[in-house]
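Labels run A, B, C, D, E and F following the written order; every chain starts at residue 1.
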Amino acid sequence: MKKIEAIIRIEKFEEVKDALKKAGYPGMTKTPVEGHGKQKGLKEQFRGTTFEVEFPPKIKLEIVARDSEVNQIVDTIVTSARTGEVGDGKIFIYPVESVIRVRTGEKGEEAL
Amino acid sequence: MKKIEAIIRIEKFEEVKDALKKAGYPGMTKTPVEGHGKQKGLKEQFRGTTFEVEFPPKIKLEIVARDSEVNQIVDTIVTSARTGEVGDGKIFIYPVESVIRVRTGEKGEEAL
Amino acid sequence: MKKIEAIIRIEKFEEVKDALKKAGYPGMTKTPVEGHGKQKGLKEQFRGTTFEVEFPPKIKLEIVARDSEVNQIVDTIVTSARTGEVGDGKIFIYPVESVIRVRTGEKGEEAL
Amino acid sequence: MNLRSNVMRIVVRVGLTLSLVCLVWLAWAAMRGSIALAADPTGLGGTADAAVDYVWILVCAFLVMFMQPGFAMLEAGFCRAKNATNLMTKNLMDYVTGSLVFFIIGYAIMMGGDWHGLWGTEGWLMLGDYYDVDKYLNMFWMLVFCATAATIVSGAVAERLKFKAYFIYSIVVSAIIYPIYGHWVWGGGWLSQLPFGLGAVDFAGSGVVHAIGGFVGLAGAMVLGPRFGKYDRDGKPRAIPGHSIVLAALGVFILWFGWFGFNSGSTCNAHHLRIAVIAVNTNLAAAAATLSALLIAKWRTKKWDTGMALNGAVAGLVAITAPCAWVEGWAAIAIGLIAGGLMYASVKFLEAKGIDDPVGAISVHGTCGLWGLLSLGFFADGTYGNYSVEAPYVTGLLYGGGGEQLLAQFISCIVVFAWAFGTGYLTFKLMDKAFGVRISPEEELQGLDIPEHGTPAYPDFVTMRKS
Amino acid sequence: MNLRSNVMRIVVRVGLTLSLVCLVWLAWAAMRGSIALAADPTGLGGTADAAVDYVWILVCAFLVMFMQPGFAMLEAGFCRAKNATNLMTKNLMDYVTGSLVFFIIGYAIMMGGDWHGLWGTEGWLMLGDYYDVDKYLNMFWMLVFCATAATIVSGAVAERLKFKAYFIYSIVVSAIIYPIYGHWVWGGGWLSQLPFGLGAVDFAGSGVVHAIGGFVGLAGAMVLGPRFGKYDRDGKPRAIPGHSIVLAALGVFILWFGWFGFNSGSTCNAHHLRIAVIAVNTNLAAAAATLSALLIAKWRTKKWDTGMALNGAVAGLVAITAPCAWVEGWAAIAIGLIAGGLMYASVKFLEAKGIDDPVGAISVHGTCGLWGLLSLGFFADGTYGNYSVEAPYVTGLLYGGGGEQLLAQFISCIVVFAWAFGTGYLTFKLMDKAFGVRISPEEELQGLDIPEHGTPAYPDFVTMRKS
Amino acid sequence: MNLRSNVMRIVVRVGLTLSLVCLVWLAWAAMRGSIALAADPTGLGGTADAAVDYVWILVCAFLVMFMQPGFAMLEAGFCRAKNATNLMTKNLMDYVTGSLVFFIIGYAIMMGGDWHGLWGTEGWLMLGDYYDVDKYLNMFWMLVFCATAATIVSGAVAERLKFKAYFIYSIVVSAIIYPIYGHWVWGGGWLSQLPFGLGAVDFAGSGVVHAIGGFVGLAGAMVLGPRFGKYDRDGKPRAIPGHSIVLAALGVFILWFGWFGFNSGSTCNAHHLRIAVIAVNTNLAAAAATLSALLIAKWRTKKWDTGMALNGAVAGLVAITAPCAWVEGWAAIAIGLIAGGLMYASVKFLEAKGIDDPVGAISVHGTCGLWGLLSLGFFADGTYGNYSVEAPYVTGLLYGGGGEQLLAQFISCIVVFAWAFGTGYLTFKLMDKAFGVRISPEEELQGLDIPEHGTPAYPDFVTMRKS
């Protein structure tokens, strides 16, 4: 099992979600985050003075998936989250050792 | 060392915390998240029209623990977070390579 | 590649950010969290009665970096985030299997 | 589960049917030509003298109505985000229910003549002789006061009472509890005829409005029991911080503003230039009580406790409500300073006794309401009469009036406590037997907003300390 | 992109230049000695009678102005956090524009004499004869009503209209749409001279203010189309929850408070003691409509729907605005109960028809505005005249007045709909052709706050359900 | 650390002791029979004429008091969430302190007779002859103005001043700074007797209230220095966005509403029908200044800057405060347009000079306060006198009054700046020497709410950009 962690644009979240739905709708967890990569900050202003938001808000999606599904999910996200402009986000893949379903106590891939 | 990541019901957080306290109270980090797994969305309404909250709010608890403690902590969480209804949550276990305590610079298990 | 996950004091965030900027400013993701480790809760009060905030708010910084950069980044964080008092925070290091840049679809270290 | 939803269904059906019946009845009442010749619905007698009184009373009544959002913001600010929609709905609906019920029956009971000093018996629906500009004006004044009494309770029972139960409670308080006690003091009833001093007096309602609200709230809080998490395993009280100090402060400022209408408007006469003194006293007592609450909290907790200061402001306002027309500025300060201290002590006392009052309503309105009633027995300075610039004037102990007035006030304290707590307890207890007034533990943990109303108060914001 | 920013640059330049021109013109106007001898700018005639009328009208006008934050809070609360700065700016700027434009030309068109029953022709900038305390007073009264009509629309077009377009719209409504229709009803124009009953009457503006606002809003909502995400792929409407029930409730309470000024102040005379009846009716209708909206929602959705109750309160207030001076309390309740139901049905109807009105403005102000106009044709009870305590009195069907008044009201319903919807549609359509009134899809998804104003409403808070 | 907490302990003890002493003194004062026979505490002279004046002045005073939450919301909205509890407490406590201190000594200094044109000397605690309905009324009016002056400063010193220091400051301003300058202009002091025009005039307090507040704020901001993070390493200013545009807008709407009382009530006489003109002018200037601020910001930043528009509204209100009774509508627009521009320039200037004013209080109240004073020297049109409908009328340069009045106004500008800045600087500097007025850097980073008050403003919400 792997954990797919995607940092995407807030505006793209609905689209990514819909794309994942079509692709089987795996369980997932969503967290509001702020971050920066290559993207420079956004300009905002307050009472006439501009300032840079160094960490624009993003959405982090975490999906733990079977090894066999990882590629498909990643592709789905990449396609649906892309605008082609800096700030589109990143996807990280991490190893997962185990999963437990709280409701039943099931362990391993069946618990997904 | 492992990282235990538990996604639980908001209403169950106090109970889980109390159970962990009895079981030694390991250090932990709590994040508000939203997610879905097997659980279908919740129904809410606004000005007479219902809508589905596809990602009901949850609490994510992260605990980095020694390998030997993992099972006990997982059991404690499973027991205290369970209601038996869909939406009880999941626990994921990840490998951890190292820990550093900022205050002292200590590394490894002593830093936990 | 590794993921460096640092839980630091809110008040120290600006300082850590500035230190990381000098050290090359890697991409990073910031999440508001609450947690406890060795630190005891904070005291707050409401209408004359004090209560303990068992999980004081913290900032979680996540940086995925090349193996070679990890030590330097960790050192930078430790130095800039330290006050010497309990509550300074922790840094966890996790293995990362892969990275994808959404904008271009690039994979691996180049995508960082 | 099944039973409950049946009860709910019935309640709704009955509600809808009643509305319909009401509508038909109303139409029928009109058909028989309800306009009496003795009354003046047109308002022909508009001299400058009448006009200025009308302007004064109406504007002050508007201000009193505006206290409703004051209470709503204060209560919401002092409770958790997960119950904010519920608190808004309760605060809205008690005003709605109060407005309708008081118009239809409350005013008749309170002010429609007098039957053996106990209650009134005419003026239902303000038809016939009561369709008159003077009567409508007076009804409106009493109505906004009634709604204030009603809304106080929502704070004491916050975060755990079913909406349905609150709905029913608000009918009972507007139809019976408030009008009957109001009749005793303001409608020519027996308390106003006590043979001590000028009888029990209560200028703008420390007793009639605030103590009534406060002690019905006490009854509600006792029937309900404390919120989940208010006491730890050893029974030690824990603070449950409210979700917005800004809303709470806004609420208190609005209340302070509205209270000028509440107190100075209670002359019901703009020709009593004493209204200036009343306004000043209102302001001074509120300020003094805020100060004493803040300083006591600073002394006890080493912090400048904002919540206590806000409670203090309202405590001072409540306390000065009864005496405001009869005392001097310095006395208003003294009354306020004491009110702040009493409120603080009362909050601590109730908390220690296991009575959970999320916003401090019982201490602020109940305890300080009694203090307000008593205080004029000490401080009344003999310069103003019973809503009259002519003698006899109300005079207290410190100004050589002897203990008579104080005695009358003391009696009215006992009566208001007994009446409000008694009828309140009965109301909540009966409902509890019938269908259970308290929300289920799961719903309480989740917050009332979604189970009761379907609507979270702040869906765009990420919230954390939900429990 | 380029074209657009050019247009913008031009708009700004024109704006600044106009301000400058305005300034110079103003100074020049002064130089030629604008003060006429016939007028009384000093206010010499201050008897007690005049004074009390001035006090009444001014205080009520202040209350009406205070409805502006009521609308602002209600709309913001019912929309998403990402558009809150935009809503604040729109609500602020329509009052600003309205204040200036109505002073400079609106009042002249509405009240400056009468040209063939169509519009007025004098009093520009309130110079010369119009620099008079009576005229200024009247202008101020009409101005706050004008601004109310203007601000209603911002709710119906919320979350997707360009700020620039709103700015221009608010000039048009204050300069033309409102003043001309206002002239027809209140300025001695043709509707007020209809040969049925007392001509078309509208006591405080269910039609002149609310239906105008509501149907211009309808036009705007139709030109714009629904918000992204309001309908799913199958065209089924989806709820888009507002970001703060507390703000929405605060807004409604403020509106309710301000409405007392709106309705009772519309006698423009404190000597009409009927103001007491008006205040009571206002309160009863609002309460009744809240109740019926809440109960209907409970019946349909099984929840105590706070949003509907809040909409209901405003619906009742809108409906009672036209008849408030001419009916009894029981009739106010009946009018309110029906208004709550109509509003509910209208919201559902519009939603089903694909018209997206984020806050319910069209149903609340448009639909219930018409109902208000009509209702007095049924319920007027013949105890009050046309802003006069003397006969002829306004009498409706149920009180033996026959169908004449109802007919006049019916005609004015048709006219107000046609005028408001027609001119509104034209305004938005023309702007749409010129520069596109709708924000780009990306900006809509992101929210208008940052692209239009540069300033997020809540930068310290973590927000989530942004889309 | 130790020393500081000692100082704190002493402050609290002294505070509590003083309260006690106060109480005893008050009681003693009563005992000696404080009611004088010459005075009328009962309010016997209530003719319709007196009644309507009382109603007018009281209602307007209530509106002025209601500006307190306006300031509180505006300041909180423009500052960060982590300091919101602190701002609420400061805004509450300055009103509390002001109310008590002004009653006890401020009024005596400001209005209790005249000693060589410098200050008054009688009426302490409003005892004896001052226990009179007229005197109480006047005291109340002056009190709400005093509290307005006091509260302005909290914005300029926000987010870094110790609560204790603010507490002491608010005593000084209410006891000395405001009353003495107020005496000079409104109490028959030397400025009002200047031999140019009608002497220095200031209708509702652009100078007495707003410039005083603004320049004491300037002193405070200078003694404190800028907030951590306001300037980057190169000294370039950075924006620190406020945490709620909605609260800020609500605050401005409330202020606008309350300002009608502030300005029109300042006739202190409802028989001056000029109050209608005053209300209109107030509204026009506010609207014009909002517009010019918005358009200038749009020109400079390409965005519709809401914060600047909100500041603009208050700037216009401040500027029209002095001239409101003496100018025509067109002139009010001109004054407003200029005020918006001045405010914008002043904000930029102060920011560039390293003076950190988180909410723009100095520019809005100080700069535009001076402009208000001056403007009437140009625009006064000779139709209204010095709180009198009888000649001599105030006439400015543009209406043929020559430069005399302008000269008087100019002098009063210099005096108000010197007095306010001087005494303010002294106050803050002395406190700084004694115990340090600025919070520690750690506490500033964390926000004042928890270290000073123990209570976070929004515990249920997840907040992020805390620093």
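Things worth noting here:
Note that in this section a residue touches a chain if its C-beta (ideal position, glycine included) is under 8 Å from a C-beta of that chain, and two chains touch if they have at least 3 such contacts.
Note that the structure is predicted; figures quoted are calculated from it, not measured.
Considering the contact criterion stated above, the chains in touch with subunit A and with subunit F alike are C, E.
In terms of their C-alpha centroids, the spacing between subunit C and subunit F amounts to 45 Å. Taking the mean of the C-alpha atoms as each chain's centre, subunit C and subunit E sit 52 Å apart.
Residue positions 30-32, 34, 44-46, 50, 94-95 of subunit C are each in touch with at least two other chains.
Counting partner chains per residue, subunit F shows two or more touched chains at residues 47-48, 52, 55, 59, 241-242, 301, 303, 305, 307, 454-456, 458-459, 461-464, 466.
Contact between chains, per the stated criterion, is found for A-B, A-C, A-E, A-F, B-C, B-D, B-E, C-D, C-F, D-E, D-F, E-F. Residues of subunit E that touch subunit B in their complex: 78, 237-242, 297, 300-301, 303, 305, 307-308, 311, 344, 347-348, 351, 360, 464. Across the complex, subunit B meets subunit A through its residues 2, 6-8, 31-38, 54-55, 58, 60, 74, 77-78, 81-95. Taken in their complex, subunit B has these residues touching subunit C: 3, 17, 27-31, 64, 94-103, 105, 111. Of all residues in subunit A, those touching subunit F in their complex are 34, 44-51.
For subunit B in complex with subunit D, the touching residues are 10-11, 13-14, 30, 32, 42-46, 50, 57.
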